[in-house]
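Right after this note come the structures.
What follows is chain A paired twice: with chain B in the first complex and chain C in the second.
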Partner chain A sequence: MNELLHQTLSGLATGGIYASVALALVMIYQATHDINFAQGEMAMFSTFVAWMLLQLGWSYWAAFAATVVLSFVVAAAIEWAVIRPMHNAPELSVVVVFIGLLVIFHSLAGWLFGYTIKQFPSPFAADAWYGSELMSAHEVGAIFVALIMVALLFSFFRLTPLGLAMRAAAQNATSSRLVGISVGRMLMLGWGLAGAIGAVAGMMVAPVVYLDPNMMTGVLLYAFAGALIGGIDNPVGAVLGGFIVGVLENLLGTFVVGTELKLSVALVLIVGVLIVRPSGLLGKKIVTRV
Partner chain B sequence: MKTLLEVRDLHARYGNTQVLHGLNLDVAEGQVTALLGANGAGKTTTLRALCQLMVQTTGSIKLAGEAIDTRNTEQIARAGVGHVPDGRGTFMALTTEENLRLGAFSRPSRDGVADDMEKVYQYFPRLRERHAQQAGTLSGGEQQMLAIGRALMGRPRLLLLDEPSFGLAPLVVKDIFAIMRRINQEQGVSILLVEQNAKLALDIADTAYLLETGRVVLSGPSSDMRNNDAVRRAYLGE
Partner chain C sequence: MTSRATDSISRAMWLSMAALLVLAVGLTFIAKGYQLFQATMVVAYAIALLGLNMLTGYNGQISLGHGAFFAMGAYTTGILMEHADMAYWATVPTAGVVCLCIGYLFGRPALKLEGLYLALATFALAVAMPQLLKYKHLEAWTGGVQGIVLMKPDAPWGLPLNQDQWVYLFSLAVAVVMFWIAHNLLQSGTGRAMRAIRDHGMAAEAMGVDTRHYKSMSFGVSAAFTGVGGALSAIAVQFVSPDSFTLFLSISLLVGIVVGGVGTLWGALYGAVFIMFVPNLAEKVSKAAPWAVYGVVLILLMFAMPGGVVGLMRKIQSTWAARSPR
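Moving on to the complex of A and B:
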């Protein structure tokens, strides 16, 4: 029983990471209806940047903040330089570009930082959380970080004029231009936010899985599954989906299929959801009258 | 009378398809100007060309004496051109109120946004009733009201209306046209109206232009146009 509880809680902790990456995927999907397959590798690269700053003697939170800002800028620049010129290209070309970005960031990280596995510190105390044996302080911290990000993004999109403009630009570019919204700028902003969210997720997962260029490969698949389960067009759904996948992965991995088949669980979930409920648990069906 | 919009030798094309061939057009400050013509005459394209939307243009377009033909769509919107597009351009997944708030996006400050929203709700009480509803669930007439309201929220000097009667029941059309006239008089907003229903357009407009295959073939005060034999035969069905 204790084992079940332990695995569930620890699943919630990794679920928080999946939720964060899923959130980044949803950000870009909402704006462009593309899935950024390079999201995971960009997050991994951001984490390496943070690691480098820490090696230079920066304090954790200074490195954290600088990495988030830098990731925002780089991701926005990628939108401007690489994705924007492709806006009339066929879907398949865009996918190929995303895969190209994935490979570029992967090799660049390997070339700059090497393939040896590195330790990455956690900002939260290393010992068990308030003496509890069920969860570590880092796991609790990671969950909180994910929830805080969701709350911030949710408020941004629901309560600010800029957030409303971003939602509008994603939905109807022509009408957005007609009310004076610069759609290109909104896309850049969306990419920047996704890059920043990914960076946070990378820095949260690195203390658990250790830092190396392959760090995010599995995470991206789980996050993708989470986003699809919750609804790829719904930030809240994506976060919920991320937590669900995290818990399921742990429980099924421990009690049913064994750790070797854990990743397959994610893929089965993706296929299953696409068959039964293509728009996800909370995915929105837009009602339209004509 | 002061000219608000001055269009000279406007050419417009979609890719290789030339649609407008040297159009000249004036919209006087505070007036309603109508663009008449059959399907494919270039009415919608004219409105799009004014906003640099989807078409490539050459020629001169001036708003209150300032050239706007070198600006992009969002800059033209911010310069005070409110475009109510064909198909109404509703943000389907957003609420009615969010649609209206977006209309005010380009304004330099939030001052007066709440007052203007109130004004729109007074013109269109139906929108107030539906303010929290997903805009995609509104009826065609309500979405047309929403599109006009959204454009008004930007406090435009010039309102471009693309076939506001399209697909609506005659009673709803009558309502909307009466409110457009009020908006023109009470807010002093100049209107350029594209309309296939020539009778409807001539009733509300001060001046009218008749377009045929991308050129102005006739223009003048609405009363003259209404009495013109060619217009009566071809467009008023008399």
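Moving on to the complex of A and C:
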């Protein structure tokens, strides 16, 4: 029983990370209806930048803040330089551009920082009061960071004029332009936010899975699954989906099939859920006019 | 366009096809060893891309998991040659039939999934495949992590060809048959139904197209083509192992059809050349970060020709035709 509880809770911790990446995916999906396949690799690259700053002797939080800002800028620049010229291209060509970005970041990280596995520190002290036998301090911390990000984003979109403008630009670009919203700038902002969220997720997951260029491949897959399970057009759903996938993965891996097949089984289950509820748990049912 | 113009276009097409075939057959006697192997792989990839293009380009269903069907085709050949002593040439159609059935069965539940959701489901298939091939209860058949080593076939009827030349010619013959089948299928009512579903599913259904049937059938046929490509690749490489069929293969196949041209027959050929040679070229440019070079090439290509090679050629052709009115 204790084991079950332990596995569920540590599943929640990894779920928090999937939830953060899923949130980044939803950000970009809402604005452009594209899935950014390079999201995971961008987050991995950001984490490497943080690692480099730490090696240079920066304090953790300074490196953290600098990385988040830098990731924001880089992601916004990518939107401007690479994605915007493709806005009239067929959907599949855009997917291929994302694949191109994925291999570029992967290869650059390996080239600049090496393929050896590195340790990445956790900002949460191992003996902090909120750690316990069931959950380490880092796991609790990671969940809180994920929840704080959701809360911040939620209030940003609901309560600020800028958030409102972003939602408007995503929903109806033409009308937004007519009322004076710069849609291009909103898309850049969306990409920047997604890049920053990804960076935070990367820095939260690195202490657990260790830092190397392959770190985010599995995470992106689970985040994608989480976003789809919760409903790709719904940030709250994406977070919920991320947590569900994390717990499911952990429990199945420990009690049912063993670690060898856990990825396959988790994915099969996810596909099963989608067959029953094609638009996700909290997703809107798409009604098309004929 | 008058029927005369159509005739002359199709005659030009037939001529260029004949020229291409002569060139391809001629390659047997010019290219050597490793080059012939590469040419054989291009042919195998072209058949696989043709399959994926039928599903994604002509029927509008995105698959990120066709590497799994490529693996199934390769393993069908491997297992039949190793455990059933089947002749290599007989395993190729068998691989096609096996993949047709599995593809159809996968396509049936996948009917409910569209767009990105289908992409995820097929993605799951691609991720699961290497793990399943390594699974210990299947090891007796698949050889587990070690895989299966195959024999290269000799040329039959005492033809004066070495093994590489024969495998290449054999693959070429299979490719010609597969392109012919694909061409006829896409020209027929079935092909029109497939395209109608891609362009407007609901309207197609209202016109009496059995969407469910055609969609799962497209999945099956597409898987069959990809499986045949996989079978040929297994014969050429003489080895199948789980780690040859990673997610990366599936992604490469998708890249191949987009670079070649989505929804075109010939795009498969250009795409196959791309996925075979560009990674090697990238390595020549930069040893340290070859994939960064590959990624940059990919993005620049998409900037220059969002419709792929065939899209670009059509554009050039139409501007040329507009400039010189007859």
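By our rule, the second predicted complex is superposed on the first by the 273 of 290 C-alpha atoms of A that agree within 3 Å, B and C clash if a C-alpha of one lies under 4 Å from a C-alpha of the other, contacts with A are read in each partner's own complex, and residues count from 1 in each chain.
As a convention for this text, a contact is a pair of C-beta atoms (placed from the backbone, for glycine too) under 8 Å apart; a residue touches a chain by one contact, two chains touch by 3 or more.
Fair warning: this is a prediction, and the values are worked out from it, not measured in the lab.
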Which partner does A:Leu164 reach: the first (chain B), the second (chain C), both, or neither? first
Just checking: does A:Val96 make contact with chain B only, chain C only, both, or neither of them? Give me first, second, both or neither. second
Between chain B and chain C, whom does A:Leu4 touch in the aligned arrangement: first, second, both, or neither? neither
Between chain B (first) and chain C (second), which, if any, makes contact with A:Ile117: first, second, both or neither? neither
Specify the partner with more touching residues on chain A, choosing between chain B and chain C. C
Partner chain in contact with A:Phe224 - chain B first, chain C second, else both or neither: second
Is A:Pro85 touching anything from chain B or chain C once the two structures are fitted on A? First, second, both or neither. second
On chain A, positions contacted by chain B and by chain C: 288, 290
Under the touch definition given earlier, write down the residues of chain B that touch chain A in their complex. 51, 53-54, 72-75, 77-78, 83, 85, 89-94, 98, 101-103, 105-106, 110, 134, 136-140, 150-151, 154
Which residues, counting only chain A, touch chain B once they are in their complex? 161, 164-165, 167-168, 171-172, 174-183, 284, 286-290
So in the complex, the part of chain C that touches chain A is made up of which residues? 56, 62, 109, 112-114, 116-117, 119-121, 123-124, 127-128, 131-132, 134-135, 202-203, 251, 254-255, 257-259, 262, 288-292, 294-299, 302-303, 306-308
Chain A contacts chain C in the complex at 35, 82, 85-86, 88-90, 92-97, 99-104, 106-108, 110-111, 221, 224-225, 228, 232, 260-261, 263-264, 267-268, 270-271, 274-275, 278, 288, 290
